[in-house]
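Listed after this line are the structures, all set down as structure tokens.
Each of the next two complexes has subunit A plus one other chain: subunit B in the first, subunit C in the second.
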Partner chain A sequence: MDQFTFTDNAKKIFLGMILIGILAIVYGVVDSDISGHRIWVSALINGWFFFGIAIIGTFFLAVNSAAQAAWGVVMQRVFEAVSLFVPIGALLLILVFLASTFHLNHIYHWMDPEAAAHDPIIAGKRAYLNLPFWWTRALIFLGVWTGITLWFRKKSLREDAEGGTKWYKKSMMMSAIFLVFFGFTSMVASWDWLMSIDVHWFSTLYGWYVFSGIWISGMVTVILLINWLKSRGYLPNVNASHIHDMGKWIFAISFLWTYLFFSQFMLIWYSNIPEEVAYFIPRMQDYTIPFWGMVMVNFVVPMLFLMSKTTKRNRKLLSIVSVIIFFGHWLDVYFLVTPGTMQNNGSVGFVELGMMIGYLGLFLFVVFRALAQAPLTVRNHPLMEESLHHHIN
Partner chain B sequence: MTRERFIYGLYDDDEKMVAGIKALQAKGIHVRDAYSPFPIHGLEDVLGMKWTRLAIAAFLYGITGLMLAIITINYMMIIDWPMNIGGKPNFSFTENVPAFVPILFEFSVLCAGHGMAITYLFRNMTLPGLPARNPHPRTTDDHFAIEISEKENTKFSKDDLWKTIDASGVVKVFEKDRITKFI
Partner chain C sequence: MVKEAEVRTPLILGKDITYHQITEDVCQPVEGKAGRLWWLIFSVAVVLALWGVGMIMYTIGRGIGVWGLNNTVDWAWDITNFVWWVGIGHAGTLISAVLLLFRQKWRMAINRAAEAMTIFAVIMAALFPAIHMGRIWLAYFVFPIPNQFGSLWVNFNSPLLWDVFAISTYFSISLVFWYIGLIPDFATIRDRAVKPMAKRVYSMLSFGWTGNAKAWVRFEEVSLVLAGLATPLVFSVHSIVSMDFATSVIPGWHTTIFPPYFVAGAIFSGFAMVQTLLLVVRKVLHFEHYITIQHIELMNIIIIVTGSMVGVAYLSELFISWYSGVEYESYAFINRFSGPYAWAYWIMMSCNVISPQVMWIKKLRTSLTFSFFLSIVVNTGMWFERFVIIVTSLHRDYIPSNWSMFHPTFVDIGIFLGTLGLFFTLFLGFTRVFPVLALNELKSILKSSGEAYRGKEDHHENAPSHDAAA
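And now, the complex of A and B:
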């Protein structure tokens, strides 16, 4: 079973999920109690969350390739499939940015020329936060990320057809370029698209915090896909050691995320400077339980459940933990965006959940279509043999 | 200290050793341990090694470290001499806990790490000052050794054991005693 078939049943389910998302948007537009603002905020949350998951697919391929790591080769197609959502996620993000630029929503306060005129802090940031420069950055980042993602896919398919080590060597070069580029630009992107929501506030750790958040979301998505595919009898070459290593990644990046969250939080909490705590006060006072609950779930669940070797190899338990982390990190992105855009009026209702289901449906539709387009195992990868024999204790 | 005498078979190739172990096991001889200069994939499955409990010990050491740190910080910073640092609440442990988390974390890691290292050395009888445990100096270089206990193979006479090991592709068979218990 090397060829994945995207069954009609699965298609129907995903199209149904997309329909729920569209219904949620329609409901938000029709119901006069709900402002259109809420839909756009949800579009940014889900747009960033699923785009982040997708770009981590590319990132992880690049990490493996640049490090000449062999173990991930048997799972390469799953990472590729996830990464192929990048172009669509980029378009969905651009949609939100366009709406913000033309004042259909008020996510980015600094885009409003009226507000900026009376605000010395925004005026001071004009040299960086102005629409032409901001759009140039956004388009370059999204364009290059999309381009490299598609290049990786093309390279992988060409390698299948041609063999040899030519494409492997080329991909190492491209991975190195991508990692350097992504290392800088993912930071700048998180300032531009997320941190500039709370435009008076800044944090130098923010980029790493957001990056580690999408990293863990991407890894749990991939392990869920792998576990699902394995339960259907696909991916026979993925053995317990591969699953174990993926479990280690999830365990480790959960700690990285918590570490960065706490480092950012503690320094701000300790110094207690008004312009810095402005970020945490609304989150801690208006959203006390969900906010701290999100932090605790994202830290404690992986720590307790994935600490031992046996649980990391247990596909069922790993899947359950992954689902919890997946929603936990959706909530994390929710708290990156909502308090700055909705103040204390943020809620999770049909609009938010429906749109999340819709985006998830679209994401899965694209990923499954990409999985079905190529054999699930790469052929002719020079490190394939080593990956097949991957064995750890 | 309890010392025990073991029979060792020395091989000059890791694959020869794994094949030798399998051949001995097929004859019903129990091989209790193997020495190698590098990790050999699948060797612990061949030997039927039990999974290490060091991780459990590490967890317990970590918890102990955490508790010790909580007690000490609570005594020093809250009970004995509350200090005003940046206007933070200094009469309450819980309200001040974010400031203590780095120390709590570091001390847990310190205790877990040291506890684990000492336990490992203690359990393997390789504490500093003890004689080297490996039966032959070349097992840290390019040779491989298996360890067989006479007590665990009572079905065989010593001569039989010796001859069977000798026929399993070894370079050399020899006897040596080592410390097995501290009491």
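And now, the complex of A and C:
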């Protein structure tokens, strides 16, 4: 059972999900009450959410490789498959950026040539927020991230075929390069693509906060895929200890995310400076229950359920918690984008849900195809033996 | 337990290292006599410590007016030293707790000394807020005490109070963690002791440890539980220290990245201090088999990673201060890198951001001399980071007629040198009476990660069926 088959049934389901997404877009276009803007807002939310999940696949591969961690080796192919959505995710983000540039939506107010003329704050940011520079950054970031992701996959397949420690050493080097580059650029990307929506507002912690959000979303996606594959009899080498460790990661990163949310929120709330609280006031006043609900769910659910070892080792419970966190963090991305673009008119209707289902369908289609393209266990990894015997209490 | 992959470098070097040899090597400094070099350094440290105590007495006697503080710069070296020492106190618990959770076996050679360093550094840190109170005999009012003491109650809204809780919790947990780890090692020393006095003292210290299987099981359980408790504390302490500044509305202090950036900086400076101490300990106490070049290299890698995080945080602060379009915010940073304290800013930048980057070169990060040199550079840089944050943000505030400079007096300098002396006095004392390496924990990895067992087929240890069943 080392070769995964992407069944026709699964293909049909995913294509059906994509169709729902397309229907949601068509519905949005046809219904004159719904502005095209709302569709693009949804495209940015889902585009960032699923792209973020994918790039975390690459990030985690790089972390494991740079830290010479053995335990993840038996799951490496799942992380790779998730990361292979990066190129498509990047294209979907570029689509939103193009639409914003050509004023098909009004996500980035500063892109409006009139904006700077009437707004001295935006005018002051012109040296950084201008289309040529902004696009250069976006294309370099997305290009390099995609390139390194594809390199990791190529290396992994070459290692299967050739053996030896050559690729192991090379990937340690590439991982270090990627981590340095990603560590800096992920922060800048979050300023460019998300923070500049609320163009007057600024927060130095924003980049790390956004990063911790995609990190947890990526990890729960991987654990859900692993649990599903195991329930189908795949991945026999992934034992309870591997699952336990994945559970620990989810527990830990949920705390990290909460810690960063709290740090950013509390410092702004405590100082109560008008320029800064302007970000949280709409979120707290117009979206009170969903906003605080999102924070509580993303903190309390993993804390309560994943505290005990039993849950972390129980695939069913771990999956339930992961699904809750998955939607919880989708909602987090929703609140990164919506209040700045839709003001207090944001809603979750057929357009939003349908588009999320469509993006999810596409994401799963790509990931499943990638899973089927190579054996589910890597061969010839020098740390394989350690990973197979991974055992913790 | 399965043998480690061949691609890994052994953690315990030496083909003839046995369990007994580990005991001999670790107990030798405790059982033997101190050398001349030790006495020399110890005497210097004691003299400095006494000088510091004298300066503290002088401060308490005359009031904090003897420091260089003025109306504008009302926090300076005292809080700089406080934050610097607390930061240093982060590495020990990170090594013992976080690296334990990550099952990093290399931590076992360095955790004991690093935890000792943590405890001593936190004591040094706690000294500064205490003497800064002026009337230290009323220090108990920092705790929420019953109304019988008077109706004055602590201000729960103040981050300074959160500091009291965070640091005292951190100190207690670190102490307990350190002590629990010491118990089996004290028992080993007790069992070997020949002098009746030593035997009696180490029996008391080892709490009647017998070393049976049940005791070990509980030992490991407790270590894990404490690691779970200590990990959030590693984050919380320096986050809360950062909130002393970040909850204010002073440009240069109020910025949201402060909590995680202070934590990264603390780990950065803590590892630099561990590096400084262990490179000397390794040489003087002959621990080359246990604290290997690989250990030094891994610590250097942690220094690069955390140093780069600190660098990213500096740059993002600088960028956002411009991006914000807030005049005061931008000025605070322009003043930092081009104002009268620019020299301090550039010392900070070159020591903390630029110099650790040379560690990308493998030759340098595996060189002992260079690692020692760089660890001193980082320690210096991190002191200046706190000085820059505190003094340059204060010395030019909203009203230009209030602008002033800070000039340290001999008392400021004396107290700082005194804490260095006291710290080294304690640490040097530790190396003579405590087992400096966690000898019983080291034994647990000898077979899986020791060079002596490399390549030897050991069927009992290597049986995979046991793990597969689990």
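One rule holds in what follows: the second predicted complex is superposed on the first by the 393 of 393 C-alpha atoms of A that agree within 3 Å, B and C clash if a C-alpha of one lies under 4 Å from a C-alpha of the other, contacts with A are read in each partner's own complex, and residues count from 1 in each chain.
Just so we're on the same page, contacts are C-beta pairs under 8 Å (C-beta built on N, C-alpha and C of every residue); 3 or more make two chains touch, one makes a residue touch a chain.
This one's a predicted model, so the numbers in the text were calculated from it and none came from an experiment.
Colleague: Could you tell me whether subunit B and subunit C fit or clash when both sit on subunit A in the superposition?
Modeller: After superposition on subunit A, subunit B vs subunit C: clash.
Colleague: Looking at A:391, would you say it contacts subunit B, subunit C, both, or neither? Reply first, second, both or neither.
Modeller: both
Colleague: Between subunit B (first) and subunit C (second), which, if any, makes contact with A:232: first, second, both or neither?
Modeller: After superposition on chain A, A:232 lies in contact with neither partner.
Colleague: I'd like to know which partner A:154 touches here: subunit B for first, subunit C for second, both or neither.
Modeller: neither
Colleague: By the touch definition at the top of the document, which applies to A:271: first (subunit B), second (subunit C), both, or neither?
Modeller: both
Colleague: Is A:12 contacted by the first partner subunit B, the second partner subunit C, both or neither?
Modeller: Touch status of A:12: no partner.
Colleague: Any idea whether subunit B or subunit C touches more of subunit A?
Modeller: Counted on subunit A, the partner with more touching residues turns out to be C.
Colleague: Looking at A:124, would you say it contacts subunit B, subunit C, both, or neither? Reply first, second, both or neither.
Modeller: A:124 contacts subunit C only, not subunit B.
Colleague: Is A:241 in contact with subunit B, with subunit C, with both, or with neither (first, second, both, neither)?
Modeller: The second partner, subunit C, only.
Colleague: Taking the options 40-48, 94-102, 112-120 or 202-210, which segment of subunit C carries the C-alpha atoms that clash with subunit B in the overlay?
Modeller: 202-210
Colleague: With the touch criterion stated at the top, can you tell me which subunit A residues are shared between the subunit B interface and the subunit C interface?
Modeller: Residues 266, 270-271, 391, which sit in both footprints.
Colleague: Under the definition above, what is the set of subunit C residues touching subunit A in their complex?
Modeller: Per the touch definition, subunit C meets subunit A at residues 2, 4-8, 101, 103, 232, 235, 239, 243, 246-249, 254-260, 308-309, 312-313, 316-317, 320, 323-326, 464, 466-468, 470.
Colleague: Looking at the complex, which residues from subunit A come into contact with subunit C?
Modeller: Subunit A reaches subunit C through residues 68, 70, 120-121, 124-125, 128, 165, 168, 180, 183-184, 187, 191, 200, 202-208, 239-241, 248, 255, 259-260, 263-264, 266-268, 270-271, 273, 275, 382-383, 385-386, 388-392.
Colleague: Mind listing the subunit A positions that touch subunit B in their complex?
Modeller: Its residues touching subunit B are 262, 265-266, 269-272, 307-309, 391, 393.
Colleague: Show which residues of subunit B lie in contact with subunit A when the two form their complex.
Modeller: So the residues of subunit B in touch with subunit A come to 41-42, 44, 51, 55, 59, 86-88, 98-99, 101-102.
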